[in-house]
Amino acid sequence: MDPIFFGGLVITLVGIVVSMLIDGNSIGPLIGPSSFLLVFTASMGAGIMAYRKSELVAMPKSALQAIKSDVPDVQDTITALARLAETARREGMLALENKLEEIEDRFIGLGVQLLVDGADEKVVQETLEIELAATDERHTTAIDFYKGLAGYAPTFGMVGTVIGLINMLGNLEDPGQLGRGMALALLTTLYGVLIGNLLFNPIAMRLERLNEVELAALEVAIDGILSIRAGASPRGVIERLEAYLPPSERIGVGDRLAKPGTSTEAA
Amino acid sequence: MDPIFFGGLVITLVGIVVSMLIDGNSIGPLIGPSSFLLVFTASMGAGIMAYRKSELVAMPKSALQAIKSDVPDVQDTITALARLAETARREGMLALENKLEEIEDRFIGLGVQLLVDGADEKVVQETLEIELAATDERHTTAIDFYKGLAGYAPTFGMVGTVIGLINMLGNLEDPGQLGRGMALALLTTLYGVLIGNLLFNPIAMRLERLNEVELAALEVAIDGILSIRAGASPRGVIERLEAYLPPSERIGVGDRLAKPGTSTEAA
Amino acid sequence: MDPIFFGGLVITLVGIVVSMLIDGNSIGPLIGPSSFLLVFTASMGAGIMAYRKSELVAMPKSALQAIKSDVPDVQDTITALARLAETARREGMLALENKLEEIEDRFIGLGVQLLVDGADEKVVQETLEIELAATDERHTTAIDFYKGLAGYAPTFGMVGTVIGLINMLGNLEDPGQLGRGMALALLTTLYGVLIGNLLFNPIAMRLERLNEVELAALEVAIDGILSIRAGASPRGVIERLEAYLPPSERIGVGDRLAKPGTSTEAA
Amino acid sequence: MDPIFFGGLVITLVGIVVSMLIDGNSIGPLIGPSSFLLVFTASMGAGIMAYRKSELVAMPKSALQAIKSDVPDVQDTITALARLAETARREGMLALENKLEEIEDRFIGLGVQLLVDGADEKVVQETLEIELAATDERHTTAIDFYKGLAGYAPTFGMVGTVIGLINMLGNLEDPGQLGRGMALALLTTLYGVLIGNLLFNPIAMRLERLNEVELAALEVAIDGILSIRAGASPRGVIERLEAYLPPSERIGVGDRLAKPGTSTEAA
Amino acid sequence: MDPIFFGGLVITLVGIVVSMLIDGNSIGPLIGPSSFLLVFTASMGAGIMAYRKSELVAMPKSALQAIKSDVPDVQDTITALARLAETARREGMLALENKLEEIEDRFIGLGVQLLVDGADEKVVQETLEIELAATDERHTTAIDFYKGLAGYAPTFGMVGTVIGLINMLGNLEDPGQLGRGMALALLTTLYGVLIGNLLFNPIAMRLERLNEVELAALEVAIDGILSIRAGASPRGVIERLEAYLPPSERIGVGDRLAKPGTSTEAA
C-alpha cells in the first residue's frame, strides 16, 4: 500500500479544511451523501457503457494495483537475470529448468521457459515482444477507463447542479428556501470536481506512470534473456543491463551475485 | 444485445433519480420532450452536414453494431484457422475450396479464396491488408460521426437555454413566470449533457473499442492465413497464433481441433 | 449541389423552431441582423489575418466545393484507367496521346502525359506524388481557415455579449430596459454558436472528408498509371485497383470496359 | 508591410462598431486604457518567464516579420538556382564564387559556398538540412511564444474582472456604483479576448504559415543545389524544381533564364 | 539565478497593480493567505498522488534548476570536445584518462571513460544514447508534474469558491454579509489562476525549454565523442559540430583552441 497515494489525498483535504476554518466557513453544509452517490454512480454507469464484461472485471484490480504500486522493479529484474546467466553459464541452458519454479516474475519465467525449450532467437524475441505489447494494451484499457471516469465526474456534478436549479426555480415562492436550494445544488458540482480530481484522475495518472515503469522493466528483461541465450557471462549481462539505470543506481557485479539464494524471489 | 450498454445507462439514471429523491427534488420539472427534440434533432442535423449520403446510410447500422457488440473473436479466429490448416495439410490446398461455403467470417473466406486461387504470398498479404485498412477506415468514419454528435448535443443544449433566456428576458413583467421560464430554459442544457454523455458518446467510445478488438482479430487472421499458405501444421498455426492471447486464454492444440465439424461456423 | 449539406441545416433549424413553439417561445426576439453582422464580419476579419492574399482568393471556391461535393470518384478513376490500359495494350503507349484531350481529370491527364513522354518509372511516381502532396496541402490550408472561423465565431459572439452587458450595466436607471438589454446582448452569443456550428464548422468538416476521398482516388490513380506503364492488361489493372474498393462495389472487368466511348469523360 | 494583417484587424473592428451602433450601444464605456495595460503587461510578463534572454531578444523581430510577410519565395528560389546552374554549366563550379556576393538569400549563399569548396554530396546535404532544422526550430520557438501570449491574454482579462468583482462586492453600500463597477470589471475580459484574438494569435498563426512557406522554399533550394552539384543543366534544374509548384505557376525555362542580370537579386 | 523568471513575474504583478490603482480598486481585499494556502496545498496534494517517492524527491531540485537555468551549453560542449580531440591526437586515446578529473560535465566524462576503455563504436553510441534517453525521461517526468500542478491550481481555486458560495448561500439572513462572503469566495478563484499561471506553469514551460536545450547539447556531445573515437582532428571536430550552431555563433578553430587550460572546466 503506497503511502503517497493516501498522503496526497490527506494533504489536499487538510489544506481545504484548514483554509475553510480560517475563513470562518463551516463543514456541515458540505456533507452531502446524495451528491457523492449521484456523481459516483452516474460516472460509473456512463464509464462502463463503452466496455465489455471481460474488460470490466479487471478494472477494480487495476485500481488496487495503482494504489499498491506493485510493479516489477528494474533493479530486481537485473539481479534475477544476472543469477540466471550464472546458472546458464555454469550448468548449461537446461539447468535453468530447475530454476523455473523459483521465478516469481511471470514474464521472466516465460522467457526462461523459451530458453529451456531451445527456441530460436527470433521466436524468443517475438514471443516476449507480443507479451509486452499485450501487457501495454491491457494497462492502456484500464488507464482509459479511469480517465473516462475522471471526465464524467465533473460533468455529472454539473448535471446534479442543473437538476437542483431547475427544481429550485420552479418553487420560488419561498425565498428563504432559495439560498438553501442553491447551496444544495452547488454541492454536486463540488463533489464532481473532487471525485474526478482526487479519486479517478489520480488512479488513471498513477496507472500511466506504473505502466511506463513496468514496460521499462520488461524491455530490460527481454534484453537480458536474449543475452543469456547468446551465452553472455553474468558480468556481461550486468554491465549491459545497468546501462538502463541512472549512474547512481548501478550496483555492479559484486553485489548482484552475492546472495544467489534470494535472487529470483526478488524479481 | 450487450447488457452492459443498457446496464450502464440504467445505473446512471438510477443514481441520478435516487439522489434527487433523497434531496427532495421532484422528477416532474425534468420531463421536457421539447428539450429532447431540440437537442436530438439539431445535433443530428448538424452532424450529417459533413458527410455524404453513402456514408450516412451506414450510420444506424454502426450504432446497432456498437450496442450488439457483434465483432469477430480472436479465439474463434484461431480455432477456425487451425482447422483450415488441418484440411490443407491432409487434403491439400485445393481441398479448402470445399470449406469455403462453411466459412461465415467474410475476411477469412477472402483469405481462403486467395489460397485456393494459388495467389502469391505478397498478393495474399497486400490484398488482406488493404481489406483491413478499408475496414478500419469505415469504422473510423462512424466513430467520428458519433463523436461529432456527442460534441453537438451539449452545444445545442446551450443554444436552447440561450433562446429560452432571451425570450424570458423580453417578458420580465410577470416575475412569477421568471423562475418557470428559467427552469424551462435550463432543461435543454440538461438534455444536451445527458444525450451527449449517455447516448452519442458511449456509442462512439464503444465503436472505438470494438474496432480495436476487430482489427486485432483480423491481424491474427492474416498471420494464420499466411502460415497455412507456407504449409504450417495445425499445431504450428495454433502455437503461433496463441502468442497473441493472454496466457490464461491459451486453450492449446487438443481443444481447438476436437470438434472439426463446427470449427468454421464458430468463426 | 449536395442536398445533405442544406438538408442538415434545415433539420437543425426546424428542430430548434418546433421545440421553441412547443415551449411557447416566440421567434421575433431572436431576429438580430446586427448580431449576425458582428459575428460574421469579425470572424472573417480575424480569420484572414494569418493568410496571404494568394491563399485567401481560393477560399470562397473551397467553400463552394465543399457544398457541391465535386470530388473525383474512385469508381470513375478505376474505369478510366482500365480503358487507358486497354488503349495502351492494343495500340501502344504513344496512342495514349490521342486520348489526352478526352481526359477530364487533370491528375490522370498529367500521369498519361508522363507515360506518353516515356518518363522513367521513378520520375512518374515522384512527379505524381508531389502533385498529390501539393493537393493535400492546398486543401489543408482551406480546412484550417474554416476551422479557424468556426473557432472565432463563438468567441466574437461572446465579445458582442460582453459589449452589450457593459453598455447595459452603465445604464441601470431604467430597470424596464434591463431585460431587453440583456436579451439583446445574449443574441450575439446565440449567433456566434449557430454561425460556428452550422456554417463554418460544417464547411471545414466537409472539406476534410472530401480531401480524404480525393486523396484516396489519387492514390488509386498513381497505382493504376504505374501499372499501365509496367504493361499491365486492362483485367490486371481492374483486379489490382478494385482491391481498394469494399467488396460490394467491385464491378468487375466486363462492366468497366463495356462503354469505351464514355470512359474518360466519366473520370 | 502586408495589408491583409491590418485589413483583417480593421474589418473586425468595423464589424463590431457598426453592429454596436445599430444596437444603440455607445463606444465610450468600452474605452479602458487600464484594461489594455493590465492584459498586455501581465500577458507579456507571464509569457517571457519560460524563455531565456537570447531567445527573447529575437521576439519583436519575429512579430515584425509576421506582419511584413518577408519570406523567401519558391518562384524566386527556382529562378535563382536555374541561373546558378547556367553559370556552373558554362564556366564551371568555381565560377560560382564570383556570384556569391550577388546572392541575397543566405541559405542559397551557404549552399553555393559549399559547392565552391568542392564539398562532398553528403556534407552539402547534411549541412543544409541542419540549417533547415535550425531555422524551423527558431521559428517554432517564436510561434510558441506568441501562442502562449494568445493564451495568457484572456486569462489575465478574467483575472482583471475577478479583481474588479472582489472590490465591487466589498462595497455594496452604493447600489448606483454596482452597475458601473461591474461594467468596469467586465472591460478587462473584453480586452483579454480582443488582444488574444486580434493581436497575439494572428501573429502566431501568421508565423506558422510563413514558416511552412519558408521551409518549402528551403527544401526546393536543397534539391536544386544538389542538382547543380550533380551537373544538371539549367533546363533540368527548372523541370525538376517546378514540379513543386502548382501547374498554373510553372513559368518554364524561357522566362526563368531571360534576365540573368537580375536573377540572384530576386532570390 | 535567471533574472528573467522573476523579472516576468514582477512585470505581471506590476501591470496588475498599476491597472488596479488607475481603476480605483484597492489591494486590501485581494490579500488572502487562506486562499493561497488552499490552492497551493490542495494542488500539491493532488499532484503527488500519481508519483512514487523516488520521483517526488527530485521535484524541488527540478524547480530550482528551472529557475536557475543551469544547463549545458552547446558552445562550451564544442570547445571542450575540440580540446579533448587535440589531446587524443597528440598524446593518444589513453592520455584522455588524465583529463577525466578535469571534465565537469558528467555526460562528456562518461563518453571519455568509454574512449579510454577502448569500447566499441556501437557500445559508445548505444551507452550514450541510453543516457540521453534516460535524461529526457527524467526531465519529462518533472515537466509533467509541474504541468499537472498548473492544471490543479485553477481547479482547486474553483473548489474554494464553490465551498465559499455554499456556505454563503446557507446564511442569506444578513444581506450585508452577502457581498463580503462572495468576495471572499472569489478570492480562491483569483489565487488559483495566478498560482497556476505565474508559478507552476512557468516552471513547467521553462523545464521544457531547458530540456530541449540540454538534449541538443548532448546530441552534439555524442557526435563529437564518436568523431574523436574515429580519430578526427580538432579542426575536423570543430567544423563538424559548429554546423549545429546558427552561423552568427560559429567561433571557429582559432578561438576554441586558444586557452587549453580552461577548456574542460568551461564544459
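Every chain is named by a letter (A, B, C, D and E) in the order it is written, and numbering of its residues begins at 1.
Everything that follows uses one rule, which is that contacts are C-beta pairs under 8 Å (C-beta built on N, C-alpha and C of every residue); 3 or more make two chains touch, one makes a residue touch a chain.
Here the structure is a predicted model, which is why all the values come from computation and not from measurement.
Residue numbering shows that chain A and chain B use the same positions for less than half of their mutual interface. As a whole-number value, the distance joining the C-alpha centres of chain A and chain D reads 44 Å.
Inter-chain spacing, taken between the CA centroids of chain C and chain D, is 27 Å. Under the contact definition stated at the top, not a single residue of chain C touches 2 or more other chains. Chain contacts in this assembly form a single closed ring in which each chain touches exactly two others. Begin at chain A, move on to chain E, and keep following the contacts round; the order you get is A, E, D, C, B. Within the complex, the chain B residues that touch chain A are 2, 4-5, 7-16, 18-20, 22-23, 25-26, 29-30, 69, 176, 178-180, 182-183, 186-187, 189-190, 193-194, 197-198, 201-202, 205-206, 208-209, 213, 243-244, 246-247.
Those residues of chain E that touch chain A in the complex are listed here as 33-35, 37-38, 40-42, 44-53, 55-56, 106, 110, 126-127, 130-131, 134, 138, 148, 152, 155-156, 158-160, 162-167, 169-172, 184, 188.
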